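Structure first, commentary second.
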């Protein structure tokens, strides 16, 4: 069973790296934010696997906190950064 | 090599990158990020090193680091207040000694 | 296999750290830094430190990211410094390189030979755990064995908030809160607010027996307050100085008050009677949670009150 | 190997692959609007399959509910952020990708 979890982890880490690539590449800020959102969800999945793999129940609580706060960055981005830069462009 | 020690060495790497970036960059926001990297590296060394000697979780450094993280985020927030005030007053996000002769 | 996963995590960590420092765009740097916080939370779980992982998840994914993004939006109007990596010939670069390499070398040398601890503190912790009023060692250390440290830490937080409030600009620049007029956002947040508060209180309550406690709960609570503010809900409470500063002092005052109660019975400061230690700790932790959440939120709020004013003539 | 274990391993690998496919979509799709599609699919289905696999061997109902709660929260959060990004992109009239155009023609927005 443990080796199965490890294989799942490796695939998830590859997915995480692809998300990092999209953040690096862009080209728009919105793409970076979406990639960050996806890596956040991948992180939640990794934490759930860690909880089983290491017999660490508190990892699930961490996943819960991460799931609750993952959208904060997106909201802050849409509300603050994006509109702001557009304003600057218009003027 | 135990996995605790691997992360301690990772913390060493973070500290080095943090110091490098802190000296290299002049933009204050980047310096703040570098400073935070240095802090995270220190936390990793602290927990990883003490646990690698014992081979199991060590609660005392963990409690120390927990306090440290909360103080670090308060320091970051205070630094951001200072940086924004500075930028509002001078229209620059760098310190005067880094702005060059212009 | 386990070492492979650890090595991969360390590589991702170092890669993200370098990317966040050496990418040219500042926005990208901030995004990588937020992602680094996420990876750090994973690393703390691998290090068997779930308490720190909880705090890191709440702080790295929540507060720090928002603080940096928000500052970034304001700093965009400042003079843009040219990308640093083009000035490779500068003496600054060599100084930075030598210092960074020196730090890595020295630290690696220092940790290559493990030190034997002089005092077996962990044994003392496990021996006294039954008298501490809680069963989770970290909460026992933070709020019973070393409660002086925690008290002073909260004092440091209050101090930071006080410094921030003295830097606040006068009332001629009132806080302008941009409002996101999206109905779906508000509907979802009506679901999320109670959930975040509930999780915060759950972490506080769980701290007695399992990973969790005042710091993690406070960080989650601060994220909830920031979310409140970001979507333009009422923050009149935070505009009033009495409530603002009262919230900072509340946790510290409660801590001192509860800590000095043993003085009435001739006991030293901050020593709880063994039978009621659990209740004392819970009371202090509740105050600390509210105060830490409020302090972190008001630091965010105070950084808002410094808008970048365009000068007509530089 | 019992039937349950086979089912579980299938679900785990399928979930992880779903995440991979989502990331791949995020890389391969040409513009912002199509990438939202990749984002939400990966979150919902990928995490959902993994959570289903983990639920099969939990010991208590409360734990199963916690896992389901995490899944639900991530689903709402990703749907919400996808919606917000699309809403704001529409507000700012970000152009759709035309046929034959690749993303390389777009200059980076924030530099």
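As written, the chains take the letters A, B, C and D, and residue 1 is the first residue of each chain.
To be clear about the criterion, contacts are C-beta pairs under 8 Å (C-beta built on N, C-alpha and C of every residue); 3 or more make two chains touch, one makes a residue touch a chain.
Here's who's who by UniProt: A = Putative monovalent cation/H+ antiporter subunit F.
Quick caveat: nothing in here was measured; it's all calculated off a predicted structure.
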Which of the two pairs, A-D or C-D, is linked by more C-beta contacts?
A-D
Return the distance between the CA-based centres of chain A and chain D, expressed in whole Å.
10
Cα centroid separation, chain C vs chain D, in Å, comes to 28
What's the distance between the Cα centroids of chain A and chain C, rounded to whole Å?
19
Separation of mean Cα positions, chain D and chain B [Å, integer]
32
What residues in chain B touch two or more of the other chains?
none
In chain C, what residues contact two or more other chains?
2, 9, 26-28, 46, 48, 51, 72, 74, 77, 180, 185, 192, 195
Junction residues of chain A, two or more chains touched:
16, 26, 29, 33, 64, 68, 70-71, 75, 78, 83, 85
Pairwise chain contacts, counting only pairs that touch as defined:
A-C, A-D, B-C, C-D
Given the complex, residues on chain A that touch chain D span 1, 4-5, 7-8, 11-12, 14-16, 18-19, 21-22, 25-31, 33-35, 37-38, 41-42, 44-45, 48-49, 52, 60, 63-64, 67-68, 70-71, 74-75, 78, 82-83, 85-86
Chain C residues touching chain A - in the complex, by the definition given at the top:
1-2, 5, 8-9, 12, 15-16, 19, 23, 27-28, 31-32, 34-35, 38-39, 41-42, 45-46, 48, 50-51, 53-54, 57-58, 61-62, 65-66, 69-70, 72-74, 76-77, 178, 180, 185, 192, 195-196, 199, 203, 206, 210-212, 216, 220, 223, 226-227, 230-231
Given the complex, residues on chain B that touch chain C span 1, 3-10, 12-27, 29-30, 32-34, 36-37, 40, 43-45, 47-54, 56-60, 62-63, 65-67, 69-71, 73-78, 80-85, 87-88, 91-94
Parts of chain A lying in touch with chain C, wherever the complex brings them together
3, 6, 9-10, 13, 16-17, 20, 23-24, 26, 29, 32-33, 36, 39-40, 43, 46-47, 50, 54, 56-59, 61-62, 64-66, 68-73, 75-81, 83-85, 88
Complex interface listing, chain D residues touching chain A
5, 8-9, 12-13, 15-17, 19-20, 22-24, 26-27, 32, 35-36, 38-39, 42-43, 46-47, 50-51, 54, 57, 63, 66-67, 69-70, 73-74, 77-78, 80-82, 84-85, 87-89, 92, 94, 103, 106-110
